[in-house]
Amino acid sequence: MSERIVIDPITRIEGHLRIEARMDGNRIGQAYSSGTMVRGIETILKGRDPRDAWAYAQRICGVCTLVHGIASIRAVEDALDYEIPKNAQLIRNLMIGAQYIHDHVMHFYHLHALDWVDVVSALNADPKATSELAESLSGWPQSSPGYFSDTKKKLANFVESGQLGIFSNGYWGHVQYKLPPEANLMAVAHYLEALAWQRDVVKLHTIFGGKNPHPNFLVGGVACPIDLNSDSAINAKRLSQVQEVITKMRQFVDQVYLPDTLAIASFYKDWFKRGEGLGNFLCYGDLPSTSMSDPSGFLFPAGVILDRDLSRVHEIDVHDKAQIQEYVAHSWYAYDAGKESGLHPYVGETNLEYTGPEPPFEHLVVEDPYSWIKSPRWREKAMEVGPLARVLMLYAKGHEPTRELAGAVLKQLELPIDALFSTLGRTAARTLESKLLADSMQGWYDDLVSNIKGGDTRTFNERSWEPSTWPNRCQGAGFTEAPRGALGHWIVIEDKKIANYQAIVPSTWNAGPRDASGQPGAYEAALQDEHTLADTAQPLEILRTIHSFDPCIACAVHLSDEAGDELVTIQVTQ
Amino acid sequence: MTKATLERGLNAFREQVDAPVAAFFSSCVNCGMCAEACLFYTETGDPKYTPIHKLEPLRRVWEQDYTLVGKLKKLLGLARPVTDELLREWQELLYDSCTMCGRCSLVCPVGNDISYMVRKAREGMVASGNSPVDVQGAAQRAVTIGSPMGVRFKALSSQIKHIEANSGLKIPLDVAGADYMPLLSSMEIINFPEYIESLARIFRQAGISWTLCSDAFEATNTGIQIGSSDIARELVQRIVDGAERLKVKFVISPECGHAYTSIRWEGPDLIGRPFPFKVIHILELLDELRASGRIKTANLSSERMTFHDPCSIARKGGVIDSPRKLMEMVSSNFVEMQDHGKWNWCCGGGGGVSAIGDAEALRFKVFKRKKEQIEQTGASKLVTACANCRLVIEEGLEEYNVELPLEGLTELVAHHLVEDA
Amino acid sequence: MDARDTIPILIETSAATDGCFQNTRPLLHEIAHALRRLQLEGVATTLDLSAIPFGPGDERQLIDFLGKGEVSAKLEAMGESLIWESRYAGVWIVEHRSTSSERLAFQLEITKLPAILASQPEDIAESLLMLREALESPQADGTLV
Amino acid sequence: MVDKKIKTLGDALRRNGVSRRGFLKFCTATASMMALPPAMVPALAASLDKARRPSVIWLSFQECTGCTESLTRSHSPTLENLIFDHISLDYHHTLQAASGHAAEAAREEAMRANEGNYLVVVDGAIPLGNPGYSTIAGFSNLQILEETAAGAAAVIAVGSCAAFGGLPKADPNPTGAVSVRDIVTDKPVVNVSGCPPIPVVITGVLAHFLTFGTLPELDEYGRPKAFFGTSIHDRCYRRPFYDKGLFANTFDDEGARKGWCLYKLGCKGPMTYNACATVKWNEGTSWPVESGHGCLGCSQPDFWDAGGFYNALSIPVGDISRTTSYAAAAGLGVAAVAAGINHKTKVAARKRHDRVTIDDLEKIS
Amino acid sequence: MNDSMDFLLWTRGTAFDVAIAIFIIGLIIRLFEIVSLGRERTLAEPKGSEFLPGVKTILTRTLPDGGTFKRQPLTVIAGYVFHVGLLITLLLFIPHIELFRETFGFGWPGLPNPIVDAAAVLGVVGLLAALWNRLTNPVMKMLSGGEDYLVWVLTFLPLLTGYLAYHRMINPYPLAMGLHLLSIELLLILFPFTKLMHTFTLFLARWYNGAMSGRRGVQS
């Protein structure tokens, strides 16, 4: 029997993820991805006011803290055929953009970096050499030898204290860490800088949404009014704060994030050759220039790429019951029509049926259901979603800035375009789209200002706010491109209340288990792609590929009906 | 053999509860303001005379028989039942101390018509045998003799003769086809025959065709006072029969207050059909004659006069303006009492109270209020338009040793009448 | 040039009625009471402005109202701190910022001199030691003394 | 492990070249963060000088990571200050370097080395419906919480899920979620509620423990009174408008733009106890009400089930117009019966009427 | 129900639904019970109409007659003060209007809170005076039974708890608000089965009185 490696918890992600891998020697044969936590949000949403749904849905995830709110209000707006004012659309774009950049930077430095950066090795760095390295990469001002010396001293103090805290038990010294000490020190300094930076940039959410995490949203527009003569509305002072945030974002992306990605990637080029997986990519598209009903104006285009074929982009329709379906063959759910069937989210079900081993357990039974995540499929095919899908879509659709940027990056790293289909390709795509977005944010901001300047201060459309104006039954889909990929919420409204609510989130696409036909999810496929472990006790390689997806597992897990509870109770008493 | 039992009384109460009664009881918040409108309370200070309190038996029947909560309370034994003892105790409150003057009905902030309910409550008192003995006697006389005071037609007939002899006027009797048929109260026949003479004088001057009816002359209705619709119906039926026999167009109610109520308002309901004739109060008729110029007066008296509104006529009968117009025909120095018209205070003897011997002391006590009202005006003559009021006030003034002449308004008009002949 | 500079907006002065959510007035009364206490009893008061429910503009209005007096000081210790006396003598504004310029504390001190400005006994003792050390140990390069 | 290498906070700061004046400033900021009266600063300084970094084990159960995200937004102290100077964050899924067995080993080591002295921070609710609803390393949340809390000095339930069950517990509570206090009954538990909590409230409690070695004074829900002592409404800058009767009637009307009270738009400020109105969010940038949206009431137990977010607080939770119409229909039915009975009673009384004659007026008893 | 938030949710949820249902069912039963008893037909030729005088009486009885006012000023003033205070707080306090808007689908403008607050104080003072009056005035004392005091308490509690909740004199607020709601629910539940019904039946009563008088040509 082959060795089985279990990583649980997978840390530096959102949520609860478990990876089990069957080894062929030191190579991963089969990988299994399991979401191990379930809450029941979709069940909880039933019977509630659709206008309230965003707040519940938003709590699906506190990291991509606004995407579910956005998807939810868009679903309600789609169901009610409810247009929002231009200002509201721009403000939402700004909030989404800020979310992306914030999330990607945090992912890179605080979740992903420690897969590549050996913190302990940084203690051996020469601050002066580090300064030289930093200055060779960008014009970022914090790059003096003294600065890095302070960082090193702080780190040394910390390590000397004997309390390593979050850095304890890392795989420090692992042979797969290849950065020189100076690069490690620079990365540690930027790890800390990014922490300070992100506190500032989320203020954009606070200005428009009152707080972050979990800013407030509003069906029909945005809650923050615009009034240049009021202190308690979006006014000149607020706008200038927003501009400051945008500037700060652009500077950091251009001068720190992008150079660091390139610098680190250049030491790990072998990681541009593995971890690809499915080769199918899906995008719903997002960031409208006019309205959600006009996909031609989206910054991120919609479409499906199959088998790495960038020459052909397939159309996608989220309302089409033949296109998107969720399967539960290997998930702990029951379907009324049987576990083999696939359901479109409009008629989706979430009946909990835990059939896994009783905790505490060592291994999951991977032939049976083994995850709280469902397996969504597009026309029966498993899909990868996320930054890589988006960048490929932009590339395939001939988006010039993308082609230029990707070209420049690949050229600097001396890699072919195919290198994007990989673990580091995914990570690089995240950086690339951050740059694209940061530049676009300035455009939305300018539009917002000129719109206000033109006398339009509307932020909320009153038309369909009152439930008395709603039809007795309607349904709608709200979608967005979340930082982690295509996100859709589907809502059915009956008698002014939510009759059904389903979300298929990026990490459901990526982290889902095998379907009935044995087709693995994106994580699983990626891990099965050329992964050999240098030390099976320290499976750093698995973390690299899994983290390259930026898992968001609370998102990925859907939830239950009371009927499911009963089934589970039987299971427990057995 | 009597059939007056508690059960019969309760059934009568039950019969009497109607939507207004239920609405009234539902609305009462025990604010006690009705007490301030009742001279039995204001003059004695005894809270038991609070008008709404007088209705406790009827209220209990309503609550226990017509409300969910009451029925529930009854079921659980929490309800206080209506007993013979209760009714006996309440006789004083429902008869001796209530003239049904209706003043309380006018002040109730939630709009309860208390006198309406007292009238109804008395039905139950009668049916259960709890009406005052004195009034029972009057009722028996009214039914058997034809008049509560025992006046037979013989007495009237001799009065007529006497008047015709003294004045030379003609008093028509049993003239079929006459337009007007005046009714009289026995008091007028016995105590104030001037009233009949005045009628004759005025009608002659106005050229009115009229007649008295030998078997329907008594206007008073003890059935109304005692609170028995059955008895009241019998008495009203006599008048209707007489008027129909003579085919008159109008029946004239005398000045007497409750007579007006019985014939004008309750009559048709009691016999169960509209009258084929109209009922008009003598003051209304006189006012009509005045307005149409058919009667005139002269030599207006400069004597300071005031007018006592009989409750049944004014507050409860709507005859308020007519007497004032008539007063102006006879007096150049008419003064109103402080509370007059619909706000007048009762003489204290209405609603059958004057007939109850046991109530005399109380009646005199509460007369204080009227006495003060009269004295406040400084009038040297009191005019009224109800024989009962007139008697009660006269007795009251006597009790308090007040010298003040009283006169009926009709007589006063006749006195100042400009006669052609 | 920043796009925001093109916003054709005239920000009204802090006296604009919109800026007043009526939260500063009671505070000014409190300051007056504290000043009285300082005058009569010599007792100093510190008001933590982060605990005051300010509306947008309220804080600016308060600070504008208090104005700048004769003294202002800048402290460099774990980030910058700005301390200045308002035009009402005895009313000091103390703002502590972190090394990354985030505001750590914002206080009004009604006192003769904010304690943070005074040299701390421990630091004085330490500097005495250091100075003695410097005086006693001969300098290698002889630059001093 | 607990040896001389672990230094006091005072040592650590001095090592980093912080002067006494800087330390005083630090104490002032800390006092402000802990919502302590400024007069407490000298006492605080004395305590802080001797404080040691406590070991903190952060457990994540049925959560969304919003609480952790909130912690990373802390600016006073910053997360990096917190980690470097204040606490030893020995286990934290989202932030720690180690994964899998190495991560679990770090937790076990911290528990062993700091037996009886470490703090457990929990975010997320604990599902009791089935142990399989949430597992970590094959263990149910309940098993992990019980095991980890056993040797803790105290437990801090961060976020409304850990404090009160939060979203997972919202009706119909599909997973049988419960709060930390429902499970940990033999240790002090501090509830730092909010969805997510204001970061300074999380750090404030940690700082209190670090400084005084004790937990702050708590309210009836186990929340630190310093932050949860007054309601949003009482500290809201828009309160004067509420008092004057000036309300926003819809989003983006004149009232909304002028910053009038959001009561009619469903603000739950009056029932919500939290520090948003004074501390605000993200370094005082704004807070929900200032940005035009009513308070959701997220620091209160069961706020998810407390009626729609856009219904005024005075509107009952249920469907009031439906209740009234059903009741009216039922009322009409019952009333028709009651009316029928009354009518029957009265008709019967009329039928039983026995004509009163003068012969039966007198009662013979 | 071990804490104030549960208590508040219960009072805003189940308890309120139950209370409002009992209130409405009871109210309809009571009105039907009354109307089902009917009014005897009147055959006497009327002197005036019923309609206008009926309506007029509904309005005029709102004002006391001079005589009663002179003799019982306390009853009148206390009654007025508490009714006016109660009605202003009930009908013109914005949060209450929002509840009515939700229930009926329409609302009306309210008053600034300080005015409502003053009205609430008036209401409390008026009710206390009314109680004192009931306990001392011989007529009211004689008339009053347990129900009268119960009704007083039922009326007083919502006003008192509302005032205390508004002024944060009970803490925490969910407890205060819950107590306020509970007091209202008690009021609603007992309303149809007590004298509180006068709120509705007084219109019937005044109408009957006015109409019956109107027929006879007198304005009552």
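So that you can tell them apart, the chains are marked A, B, C, D and E in the order they are listed, and the count of residues begins at 1 in each.
Note that contacts are C-beta pairs under 8 Å (C-beta built on N, C-alpha and C of every residue); 3 or more make two chains touch, one makes a residue touch a chain.
This one's a predicted model, so the numbers in the text were calculated from it and none came from an experiment.
A.B. asks: Tell me which chains count as touching both chain B and chain C.
C.D. replies: D
A.B. asks: How many steps does it take, at the fewest, to get from chain D to chain E if each step moves to a chain that touches the one before?
C.D. replies: 1
A.B. asks: Using CA atom means as chain centres, which chain is nearest the centre of all the protein shown?
C.D. replies: Checking distances from each chain centre to the full centroid gives D.
A.B. asks: With contacts counted as defined, which of the two, B-E or C-D, has more C-beta pairs across the interface?
C.D. replies: So, comparing the two chain pairs, more contacts are at B-E.
A.B. asks: Would you mind pulling out the distance in Å between where the CA atoms of chain C average out and where those of chain D do?
C.D. replies: The computed centroid separation for chain C versus chain D comes out at 33 Å.
A.B. asks: Using mean CA coordinates as chain centres, what's the chain A-chain D distance in Å?
C.D. replies: 27
A.B. asks: Can you work out the whole-Å distance between the CA centroids of chain A and chain C?
C.D. replies: 43
A.B. asks: Where the centres are mean C-alpha positions, what is the separation of chain A from chain B, in Å?
C.D. replies: Inter-chain centre distance comes to 95 Å.
A.B. asks: Would you mind listing the residues of chain D that make contact with two or more other chains?
C.D. replies: Residues 75, 78, 238, 258-259, 283, 286, 290, 338, 342, 346.
A.B. asks: For chain B, write out the residues touching at least two other chains, lowest number first.
C.D. replies: Residues 17, 66, 68.
A.B. asks: At least two partner chains per residue is the criterion; list those residues in chain E.
C.D. replies: 29, 33, 35-38, 105
A.B. asks: Per the touch rule above, enumerate the chain pairs that touch, sorted by label.
C.D. replies: A-C, A-D, B-D, B-E, C-D, D-E
A.B. asks: Quick one: which bits of chain C touch chain D in the complex? Just the residue numbers, please.
C.D. replies: So the residues of chain C in touch with chain D come to 18, 21-23, 46-48, 50-56, 58, 75, 77-78, 81, 94, 96, 98, 100, 102-107, 115-116, 119-123.
A.B. asks: Taking the complex as given, what residues does chain C use to touch chain A?
C.D. replies: The contact residues of chain C facing chain A are 2-4, 6-9, 11-12, 16, 18-19, 21, 55-57, 100, 102.
A.B. asks: Would you tell me which residues of chain A are touching chain D in their complex?
C.D. replies: For this pair, the touching residues of chain A are 6-16, 18, 36-41, 43-44, 48-49, 51-52, 55-56, 59-63, 65, 106, 110-111, 114, 119, 153-154, 157-158, 160-171, 192, 195-196, 198-200, 202-203, 205-214, 216, 218, 220-227, 230-233, 241, 332, 352, 354, 356-362, 457-460, 462, 465, 537-539, 543, 554, 559-562, 564-565, 568-569, 571-572.
A.B. asks: Considering the complex alone, what residue numbers of chain E touch chain D?
C.D. replies: 3-6, 8-9, 12-14, 16-17, 20-29, 31-33, 35-38, 94-96, 98-99, 102-105, 110-114, 168, 172-174, 177
A.B. asks: Of all residues in chain D, which touch chain A in the complex?
C.D. replies: Residues 1, 3, 5-7, 12, 15-16, 53, 55, 60-70, 72-75, 78-80, 83-84, 87-90, 92-106, 109-110, 125, 127, 129-140, 143, 167-168, 170-177, 195-196, 238, 250-252, 256-259, 276, 281-283, 285-293, 296, 304, 308-310.
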